[in-house]
Structures are given as structure tokens and as C-alpha cells.
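A, B and C label the chains in the order they appear, each numbered from 1.
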Amino acid sequence: MRFLSLFSLFFLFSCGQESVDTSEAISESTGSIEIEYAENLLLETTDEGYKVSILNPNSGSIEKTYTVKSGEKKKIIGLTSTLNGMLSILGETDLLVGVSSMDYVYDADIRKKFERNEITEFGDETNHSVEKIIASDANTILYSGFGDEFPNHEKLEKLGFSIMPIYDWREIHPLGKAEWIKLVGILAGKEKEAIAFFEEVKQKYEATKSLLVDTKENPSVISGNLIGDIWYAPAGESYMARVIQDAGGDYIYAKTEGTGSTQKSIEQIIKDNRATDFWINPGIGTKRQIEKINPHCKHLDAFSNGLYCYSPNTSKFWERSAAEPHLVLSDLIHIFHPEIEGIKTLHFYEQIH
Amino acid sequence: MIHFDKAHIGYSETLISIDDLHLKSGEVHILVGKNGAGKSTLLKTITKQEKLLKGDILINNISLNTLHENAIAHHLSFVGSTFPSIDFMRVFDFIGLGRTPHTNALGRHSELDRQKINDAIEALEIEHLREKFTSELSDGERQMVSIAKALAQETKIILLDEPTAFLDYANKLKVLNLLKKIAVEMDKCIILSSHDIELSIESECPFLVLSKKNNDLSMLFPPVDKQEVIELAFG
Amino acid sequence: MLLIALPIMAYFHLFAGQIEIGMSEFYDAIFNFDPVNPKTNHLLAREFRIPRMTMAIIAGAALSIAGLLMQTLFNNPLAGPYVLGINSGASLFVAFSFMTGIPLLTSDLGTVSSALIGAFLFGVLIMSFSYKVKSHISLLLIGLMLGSFTSAVVYILQSVSSAEELKAFTMWAMGSLQHTQLSELPFILLLFIAGIIGSLFIVKPLNVLVIGERDAKLLGTNIRVVRLIIISLTALLTGLITAYCGPIAFVGLAIPNLVKIVFKTQKHGTLLLASALTGGIFLLLCDLIIQLLEQHINIPINAFTSLIGAPFVVFIVLRRLA
């Protein structure tokens, strides 16, 4: 695995220039599709269709550019759950040739197609069979970008595959993640529907947020869990910190810097959070298992009665939460402010027992 | 002291059979024989490292067949041909290990134990080595220290496997004379295996000669005839 | 000297950490603890600082004793519970117990029992190999192979187990001195003290074993029984620590060697006690440094002991070759 990434790092340097200009000449852009929140995606229109640019979130510069003819429907190997979920939302699971593993699939359509052998498992980007990909009738591969090139990307690109690193998970704004559906729309020949869906999500997000107008007191919230001796909590400028705040939660580490995570010793966590009202996202679905990796957790008051996580619905969460951030928001509002009427059910989250 | 009674010795097949042989205390017995004739096997059998194939050997009138492995240490001590290489082991402590069969379960040395260790050191005239580490000793000194350990063990019988093999002439002589003195003065029964026939003859000790040809062990008393030994052992 | 150094180190260790806790707070945490609604600092002192300090001492002492026992048993200064794969045995069986998902096996008691059984079985295994190989280094190679082999098996187990079990096991395998709770300490202390007392009872055969199994036997030592006792004690001490703190490398190998170099003796009464004390001090010191560096860099305890232990082992090897 390390060998592969070294390998791809090598390609990154040696072929960096080439990867920006893919084999076809890219037409002049004639306009652009508005991107409001996503920071790692640029969509432009051309005479033939679209020019898609994916930006590297670390450097902020364009990592790859692709052309897509308008109305064209790509055949996709989707190695990221999020974009598979978006395909399903647009009603285009027919375009999905393969996924990484059915273990992570929530969508009923995709499951049925797998049973009918219309969808294949390819393994993730670090562990997949190139020959299997070549033998498939796909022409596009979507994978979670980590700054490394997709293994064997050169060969696959020569064979006509478009290989796209997907950085929705690096978006900080909840709506930024959702906006990646516009890319899926273009790949599925349903850009209008995608844009409409996003506009609707945007409105729903604002509408859900506005349910909070009358609330006076915000409960305190801690997120994350212990890994080894370190508690990784979302940093103050991260996506999760933002959703907690939007949902009327008083996030304990809202003032920490950074968009990733902040690291705390368990002593510090106990000191800061003994009386914290809610503990979300421990990453594990049962109290017994949580106690096993974090035996001191019972000193957090929230452990007994304020513990919530998406873990019981992990696959659904990863497939749908990015595209429908208003549902995450709605869940958290319901948890933090059960007194608010208008929210009846939880979509992803459950109380952990 | 040691009585062989129709004893058959060997690994799976009989190498040596000894019908009836008594070894007395107060003597050093020189064990000679061809390589592979069974010198080591014989010593190992007496110390119960190897099984006795048939017959019996009586140690202090106790049958080897009934003597428990762990009780052997009270009757005989053994000095091997090699010296263990250990860091940070002082000569005094090493010799003290000879007291093991006599100490309590926790292995603490009593005043008596310390006295016995000192006696052994005195008997071998190695007071100057007392506080040295065993890793610092010469080959000759190691042999002396090993013998002192055997003395500290206070057994009637001492077996030595080629104790003079790595020594120069002067040291060989010294070790041999010392053992003779010990055998006589402390009334011990000593057997040592050796390649060094000439030197051994000069020491005027009885010989135990292993004959591969006859598959037996015969005792020759001094004055021993060199020709006879060679004939018997190597002929 | 060690007897003085240990409490001093323990004292500094207690007061290290990013949150300041005063002397009087420690006093109150112990003697005037309010179990219903404790003050945070009392809670931290009682549930975090004291168990962490105790575990550092116990783990350091137990692993050092286990290392000494193995070095004497195998007559090999490079032996230790980690390099000879005793840890691996414990890990493998803990992995099995975690992956089954059976509550009885995944409970704390289940983890400890699995670790003890695994450590014991691998102890017997490495002992049976030790008769076949003469060289010190070869035995280490076999120990390392046992380690690699079990890692592979654990890896396969992980790939077929569910995400939650996987997480729990991964966390356990990272190792920590901080996962033990005050309420668990009496049980751990009990087993630890049993291990130490057991070791002190075999001082006599240990002293004799130094000159080799043959000579020990000829001096009246019941080798088979002694071997079994040594392997059991090693498994008890290593398994116990591995179950509660995860694998901690090199302490067991390095400390007894250090003690022998300093004390220049082979008397096991001295070596056992000195190794226990030095091991305790060493791990306290490691954990203290980890806490001091915490704000800048996070080093797991296992990585830190390897950082110091591995070069020391190379030093021992070079010293013996010279």
C-alpha cells in the first residue's frame, strides 16, 4: 500500500502537467455554473457541454480538469458512498457499474442491482483489481481524494477512463458538501435536476435553521471520542462544529482553530465536559463498546443520557448526509431542542444505549 | 563407592557392559578410551543424564535405578569439559552454587555454607580469584573454580569430563596432583576422563580402560604399563 | 537508591499533566472523596493520575521481571517477553476474544484470561523451539517470526470482523497506561504481587539455571517443574500487563540487562527486586516525558519505549560481540 502511494506520488510529480490536460483538447469555456459553497469544485459550460475542474483542497489549485458532453451519461464506478447516494437521489443508479464494497451500501436500489449482478464490488482505491476495472463497461471512476493519484491511473486514462478525486469530505460548509451533486448531475446528464435539488436543500437547510428562532438556551455539546490516549474533537471551523452551532448547540471547542480536528488529552476532556449536556459522534453504536475503548467515559454526564450517534445507521449516514445536510441539522435540533415542534423523527442519529 | 553390577551402558545399543567392578574412595580413577568408545556416555549414565540400559550401578550402596534424579546431587558432583560463559558472576558466588543441594527452598547461604565455600577455595588455593568475575578467568583458573564448586557440593563422588583437555602441561599436572590430594585427604572417589595417557601414568593412579573391541571396562592398578593401556584401549 | 528514586519519580508523575492538581487536592481526593458529586480535580486525581501512576510502576516492574525470568530460562541476555512473542500470543488471543463478539469473552475478565492463556501457550511454544536452536539470535528470529505470523492472523481476523469489534481491538492494540480505572487496581495489584512473590520463591533455581540446565539439574534442580513455573509466571506478568496496557515493547529486555550491568551480579534476589524497581522508574520516566511533550507531540507509550529500548538492545548486542 505504501509502495502504491509512493508510486503515485512519483507520477504526481512526473505527470502533473499531463493530468491537467486530458487526452482531448478542452474547448473554451462559454460560461459557468454557479458554485456557492463548495470550495473544491469548478463547473463551466462550453460549446459541447461542460468543463469540470477539481481543486486540490491543500493547495487550492486545480488538480484535474475533464470535459463532459452535454446529455452524456457516464458509466460509473463509484468508490465514494456520498456520490453513489447522490446518483440514487437523481434516480440514476443504472449508471452505477460498481462500488467498493456492498458492506457500505445503504441504498435499496443499488442492493437489488447487486443481487441481479448488475453491480460489481471493486474494493477501495488502495486495494482493487485493475483488470476487473478494465473489463467492466465503466468509463468513469469516482474516488475519495487524499492528494494521491489513483493507482494505475496512467494506464486507465490511456484506455479512456476519467478518474476523478472527490473532495466533498473536505468541504467545510454543510451546503458545500451537498453542492457536489451538481457534478453528479453533469456526469448523469441531469444537471438541471441536480441544480434544482440543491436549491431545494439550500432552502430546507435555512428553513430548518429558522426553527430555532425562539430558543433561548443552547445546551453544551461535545463530539468525537478517544483514539489511543487522544480525544479527537472537530476543530472550531470544521463542518461538524458548524452544524452543531447551526442546530443551536453550544459546542465546547467552537473557539479552537482549524477545519480538521483538535486533539485533547482525556484529562482535559473530563475537566471541560463533566457537565456537558450532549455527547455526539462517539463513532460506536453501543455503550458497552464505547466503555471498552474509553473506560473513563462514564465520568461524562452525557454518557448516561445524552449520547447520540449515527453509528446505528452508518451506511445511510455516509451515503445521504452530505447530499441532505438539512436532515443532519434537523436531527441535531431535535436532539438539542426536543421542545421544538415540527420535527418528529430522527433520520440518521439515534440515542446510544 | 561405585559398584557396577552387570551394567549395560550405551545409547540404544550396548556400548559397554560391566559385569562386576568396584571403585573405592580415596582414589582418582583415570578413564581412558578411544573416541566414541563411550567415555562420556559412561559418565552421563552414572549421573543419570543417560538411561542405564540393563543391570545396575550402586552409588553409596543405593541403586541408580531407584535413586531420584533430584537426589543425585547429594551423592555425586560433576565437572563438565566446558565452562559456562556468564556475565557478572563472581567466583565466590559460582562456587557457592555447589551448596545448592544443601540450602533451603530460598537458597540462602548459612554460616556453614559460607564456611564450606571458603574451605573449597582454600583447598584449591584460589583465594586470589575469590572476588573476580568468572568471565575474567584463564582456562586453568576456570578448571580450579569448577573443581572448587564440586568440593563445595560435599559429595563422596566427583566425576570430571576431560578436565585437563584445554590446559598446558604445568596446569595439567597441577590439577591432577590436586585431585589426588583431595581424594586421599577427603576420602573421595574421583573419576576423570582423559586423553593424556602419559601424564596420567606418571600420576600413579588406577586406570579404567574402555575397550571398544571387547565392549568392556577394565581396571588397571599402578604401576600401569603404557603398552598395555594402549593395546587395550586402541588396539 | 532505587527505593528513593521510585517514590520521587512517582511524585513528579502524579503532578505532571496539563491540568494542575495541588497536593491538598490529592489528599482530599483520597481521604475526603465525595462519590456522589466529586470535584473535577478530585475525580482526575483519583480516577486518572493515581491509576496511571500505579499502572506505569506495575507495568514497568512486571515486564522487567518477566524479561529477567526469560533471560535466565533461555540463558539468553537478548530474551524478553516482547521479542520472544509472548506479547504476540496475548494479542492473538485477545483478538480472538474480541472478534467472537461473545460478551463473556469481550468483558474485562475475558480479555485478561485470553491474554494469560495466549501468553502461556506462546511461552510453551517458544520454549519447545528453544531446544532446537542453539544460537541466541536464532531464538530471537523465531520470536520475531511468531510476532509476524500472529500479526498476519490478526490482520485476517480484522478483515472478517465487524467495524465495531475492529475499532475496539484496534484501540486496545494501541496500548495505553490510561485505560485502567481505580476499581480495577486491586485485582491487578493482586495478580502482580502474586507474580512477584512467585518469582521470589524460585530465586534458588534461577540462580542455578544461570550456569545452564544440565548443571542445574546435576545440582538437584527439578528442571521440568522450574521451567513450567517460569513460563507460568512470565505469562501471568506479561499477559496481565498486555491485557490492561496493550503491548509495551523492550522494557522486559532492556531493564534486566541494565540492572546486571549496574549491579554486576547474578544473584536473582537482587536482580528481581532491582529490575522491578528500575522497570517501574523507567516507565514512570517515559510516561512523564510523554506528558511533558503532550502539548507539542503525542507519543504512544509503546512507541516511546521502543524509541529508547531498541537502541539499547543494539548496544547490548554490540557489547557482547566486542
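By our rule, a residue touches a chain if its C-beta (ideal position, glycine included) is under 8 Å from a C-beta of that chain, and two chains touch if they have at least 3 such contacts.
If you're wondering where the values come from, they're calculated on a predicted model, not measured in any experiment.
Novice: Examine which chains touch each other and state the graph shape they make (line, ring, star, complete, other).
Specialist: line
Novice: If I average the C-alpha coordinates per chain and also across every protein chain shown, which chain's average lies closest to the global one?
Specialist: Of all chains shown, the one whose C-alpha centroid lies nearest the global centroid is C.
Novice: Taking the mean of the CA coordinates per chain, how far is chain A from chain C in Å?
Specialist: 42
Novice: Take the average of all CA coordinates in chain B, do the same for chain C, and state the distance between these two points in whole angstrom.
Specialist: Chain centres of chain B and chain C, defined by C-alpha means, are spaced 43 Å apart.
Novice: Could you give the separation in Å between the centres of chain A and chain B, each centre being the mean of its C-alpha atoms?
Specialist: For chain A versus chain B, the centre distance works out to 81 Å.
Novice: At least two partner chains per residue is the criterion; list those residues in chain C.
Specialist: Residues of chain C touching two or more partner chains: there are none.
Novice: Which stretch or stretches of chain C touch chain B in the complex?
Specialist: For chain C paired with chain B, touching residues are 77, 200-201, 203-204, 207-208, 210-212, 214-215, 217-222, 260-261, 263-267.
Novice: Going by the contact rule set out above, which residues of chain C touch chain A in the complex?
Specialist: 17-19, 40, 43-44, 47-48, 103, 106, 163-164, 167-168, 171-172, 174-176, 178-181, 294, 298, 300
Novice: Which bits of chain B are touching chain C when the two form their complex?
Specialist: Touch list, chain B to chain C: 47, 49, 69-74, 77-78, 80, 84, 86-90, 93-94, 97-98, 100-101, 103, 105-107, 133, 153.
Novice: Residue numbers of chain A touching chain C in their complex, please.
Specialist: Where chain A meets chain C, its residues are 226-230, 263, 265-268, 270-271, 274, 283-286, 288-289, 292-296, 299, 311, 314.
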